[in-house]
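This structure is in structure tokens; I'll ask about it shortly.
As written, the chains take the letters A, B and C, and residue 1 is the first residue of each chain.
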Amino acid sequence: MKRKINLKNILLVFISLVVLNQTGYAQDEKEEPQQIVRLHYYNVNNNLQYLVLESLLKTGRKIEPVKKKAYRIYLDSVARSNFIAGVLTNEEGKVKAVIPPELKSIWDEKSEHTFIVTSEVAGEEETPTEFNIIKSKIAIDTSNVDGVRNVTATVMKQENNEWVPAGDVELKIGIRRMDNTILSAGEEPTYTTDSDGVATVEFNKINMPGDSHGNLIFTASVSDNDELGNLSVDKTLSWGVPLKDDNSTFGQRTLWSTRFKTPYWLLILAYSISIGVWSTLIYLVFQLVKIKRLSIQRPG
Amino acid sequence: MNTENLKISTVENLITTPPKSKAKSDEIIRDLLPQKFGRQGMIWVAVLTAICCVGAFAYYRQLKHGLVVTNMRDYVSWGIYISNFVFFVAISLVGSLITAIFRLSNVKWSTPLTRIAEIIAVSAIVFASLIIIVDMGRPERLLNLFLHGRIQSPILWDVIVIGTYFFISVLLLYFPLLPDFKILIRFKEKTGKKLNRLYRFQGSFWKGTKEQFKISDKSINILCITIIPVAFCIHTVTSWLFATTYRPGWDSTNFGAYFISGAFLVGAGGVVVAMYMFRRAYRLEKYITDMHFEKMGRMVVLLAFLYLYFNINEYLIPAFKMKKMEAHHLTELFAGEYAPLFWFTIFIGMILPVIILLFKKGRKPKPAFIAGVMVVVGAWFKRYLIVTPTLLNPLLPMQNVPENFKHYFPSWEEWAIAMGSLSGALLLITLFARIYPIIPIHETIEEQNKTDEKISLVE
Amino acid sequence: MSENNNQKSRREFLLSGLLASAAVAGCSDDNDNPFVTEENVAPSGEKVKLLSVNGEVIEVDKAFLKPVPNLPKLSNQEERKGIPGKKFVMVIDLSRCKNLRKCQEACNHMHHVHPGQNWIKILSMQDGENTAPYWQPTTCMHCDEPPCVKVCPVDATFKRQDGIVLIDANRCIGCRFCMAACPYSTRVFNWEEPKLPKEVEEQPYSCETSLPQKKGTVSKCDFCPDMTRQGKLPHCVTACPNGVFMFGDMNEDTVSNGAETFRFSDLIRDKAGYRLMEDLGTRPSVYYLPPVNRNFPYESGLENSDEHRKS
């Protein structure tokens, strides 16, 4: 059974629905709650691979994460020898798993694999959910010819243990930013590979701030592809400008700084007034003491 | 009063005065020594104590449940606690007016009023501090103001300046009391053992020598000079708590002067009221005379006109422009929800007292007293109007909040605490008058001698 | 596998694995990066062997298996300083807002905001009689010259180097001067003891999570610094199905709503972004894109308005 997976959309819908407290819709639609299990396959830099299992409960239009539910994941067939991991979902209904080294022979055997997820809860009959992936790899290359800076991504997939170009794959090519968002290198938000599995973008962002050395992390990333899952690859290049941290509003002596950074003029003003007035008052207290002393001296 | 059995020892510095004066001064002392509460006094104290107790209970509830017992919410985040605080700070300014300004400008007739003014100032400033603690969400963290105080914040300026003003006011109360202690100590039989011990503790070192008088007079002069700028500071800084924000109705450069003029007015009104009350309660007609009401009445008229002038500045000029931000606030005041209260404060707090006091008959004790009460009541509601309507006119519209966030009327706890604090201040004044002479005895005798001398010279 | 190989693949994992995985926070191999890197993930020390894409056996730290890495607990001092090298900024696109209030719900839920109060308010705005109405979500503006911080007497609210204005509820004395000073009326007060779930109540207080909230203190929108420290977007940003909120780092010149990512300076220039009450000189960190070429008519948001909800 194949699942259409689009990670970003799922995440958006998911998070917005987690916090949905509007009961307007849910009241009139009394549907049977539906269990949804999703499995996302990740391939990072053609090396690290892992799975993220996501468990949801859909009631009407309301989707909630299923917390603390146990699942078993198998590779290709439900058998002891194919067991990947037993997992328990977290507060967000998610859990991560990796493929253990023991399954090396099964993994190497084929170009295509099926992950099978079964529920561990006793007595609960749930049909195992299957997710297919094709082994794939992604490469990123950059060129700078006469000031024209290009970023090229190549996606390959295995067919019958042979590497062939993966055409018509939608992917993002750009700079990695906060929360793993990708700022597109060109004008389009996404690009599609041609029949050679290649997509090329001209990097047209001038003076893009990078890190302290002007380095930018270029990335090519496929998200929730039907066949390939999630692929990404990075390359660091100094095509940016060094980061200038504008700290002009912090650590200065201003009215909105901490008490350790009071403006000098205010300190001088406040202290001179306070000292002026209080020295007068202390003087007056001494005068009182003097009056008192005069009374003691008198009899003597 | 059992005058026959009164044994009057000779007061040292009066030795040289002629016997006629001595008899007079004896009479003055007899009249002005603190007296026990009569029946009325007992009822007065009991009622005030009861109100204080209700206030204390309300505060206990507030401590237990949090500020949720008040009707303040996110928009009206400051309510009558703060307006009450401003009122207290305002009325405390009178100490500097009557004592310092009059003394420095050699106004002799104010002598019997100085102590009244000064005790009003001290008790008002004490309860101003207390009510601001009541307003805090976390009163137990009061020490943070000193541990982590940020001098950039106007609140810290207020803390410093209130502390300073309190200290000065106490000194200004204490120094002129010193000669009176000597008299009080002599009249043991009259004042009672317990009080005598207190007087001895506080002032037994005063012998009335020339040097002592020299130092004391000089100190009082220095105090009078110091208290004026500090008094201006205390109320200006209080006005800045509002004026440093962007809110319509508060965002004004006029605010310092506006607050100070209002403070002098309510202070003068408060003194007129106190004069009348003390005069009646302690039969002080000989000392607080019609002349005092006459003069204070004129004073109130002058100050009311001054305050009216600043009010016109404060409201007419924004109303002339009717900036969008101000427009809603101003129409609310002039013709909206707050119009009755607004016009009440203008008429009862300023215009009507002026009309009464402009007439010679109006400056007799009773009408002057009524005018004084009007001034004080008007002033209290005026502070309420300065605080609340502004908070109900935020710069961005009030939406996405429960209905009760959009209105404000104090809860019973707030009323109880506010009234409790007012009663507390009155109680403090009353108890002070029970223990210490509310009219300076020594100074009154001195004045009397001087006028006698003048008369004898003329004769 | 040789020892050499093993080490190489481990290094590669740290260089790349943390970089890229969507479920693991972290985005750079640069040591300047303040976000989750190998130093501050708090590795468990235990290794897990796993199979790589090429069928090789590689080792990763056990901490990697956790979807949310254990961040070391920050001291109050660090929380007050903020994340170095960052300057957070938000862009709110008014042309996309239809008053769905998902942002508000997510925010209230995640921060356990007292029922009835909101950190985010979606205001129905109309600037003049004949001008078009629009929906305007308002968060804390995280001003660069914050009037609320100016007036705080005890340093309970403060401006961090990453631009965030935070509140330390352990310091706040509850004077509410900041509430009066804020022209955007963004601050709320805990008038009573907050009703929190037990596990929230028991967790140690942090300025960055603003939890657990405390009675008698002020609170407000905090730009979710607990999320941004993990390199994640604030809750309101991810909760909005219409992508109204865009959040990012001014130093990176990038803002994103999760699905779309823009260069901040281009976006502000192309869509004529502006800030609220610029004339007050508060210099907010929140920018607005004007409600032109709207995705939804104003009226479509009315069903969620206060008036509609009441009836």
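Operating definition for what follows: contacts are C-beta pairs under 8 Å (C-beta built on N, C-alpha and C of every residue); 3 or more make two chains touch, one makes a residue touch a chain.
Quick caveat, the model's predicted, so the values are computed rather than measured.
The central chain of the assembly on a C-alpha centroid basis is C. Among the other chains, B has the CA centre that is most remote from the centre of chain C. Set side by side, the interfaces B-C and A-B show unequal numbers of C-beta pairs in contact, with more at B-C. Chain geometry summary: the mean Cα position of chain A and that of chain C are 13 Å apart. Here the spacing of chain B and chain C, counted between their Cα centres, is 50 Å. In terms of their C-alpha centroids, the spacing between chain A and chain B amounts to 62 Å. The set of chain B residues that touch two or more partner chains comprises 148-150, 152. Residue positions 147, 150, 155 of chain C each touch two or more of the other chains.
Counting partners per residue, chain A has 255-259 as the residues that reach two or more other chains.
Contacts from chain A toward chain B in the complex involve residues 255-259, 262-263, 266-267, 270, 274, 277-278, 280-281, 283-285, 287-288, 290-292, 294-296, 298. Chain C contributes residues 104, 116-118, 121-125, 138, 147, 150-156, 171-177, 179-181, 183-185, 187-193, 215-218, 276-277, 280, 306 to its touches with chain B in the complex.
Put simply, chain C touches chain A in their complex at residues 9, 12-13, 16-17, 19-23, 25, 27-30, 32-33, 48-55, 57-58, 60, 64-68, 80, 82, 84-85, 87, 102, 105-106, 109-110, 144-147, 149-150, 155, 158-161, 163, 228, 231-233, 235, 238-241, 247-254, 256, 258-263, 283.
On the side of chain B, the complex with chain A involves touching residues 148-152, 157, 160, 164, 167-168, 171, 174-175, 178, 204-207, 209, 211-212, 215-216, 218-219, 222-223, 226, 229-230. Those residues of chain B that touch chain C in the complex are listed here as 65-68, 70, 72-75, 77-78, 135-139, 141-142, 144-145, 147-150, 152-156, 159, 241-242, 244-247, 391, 394-402, 405.
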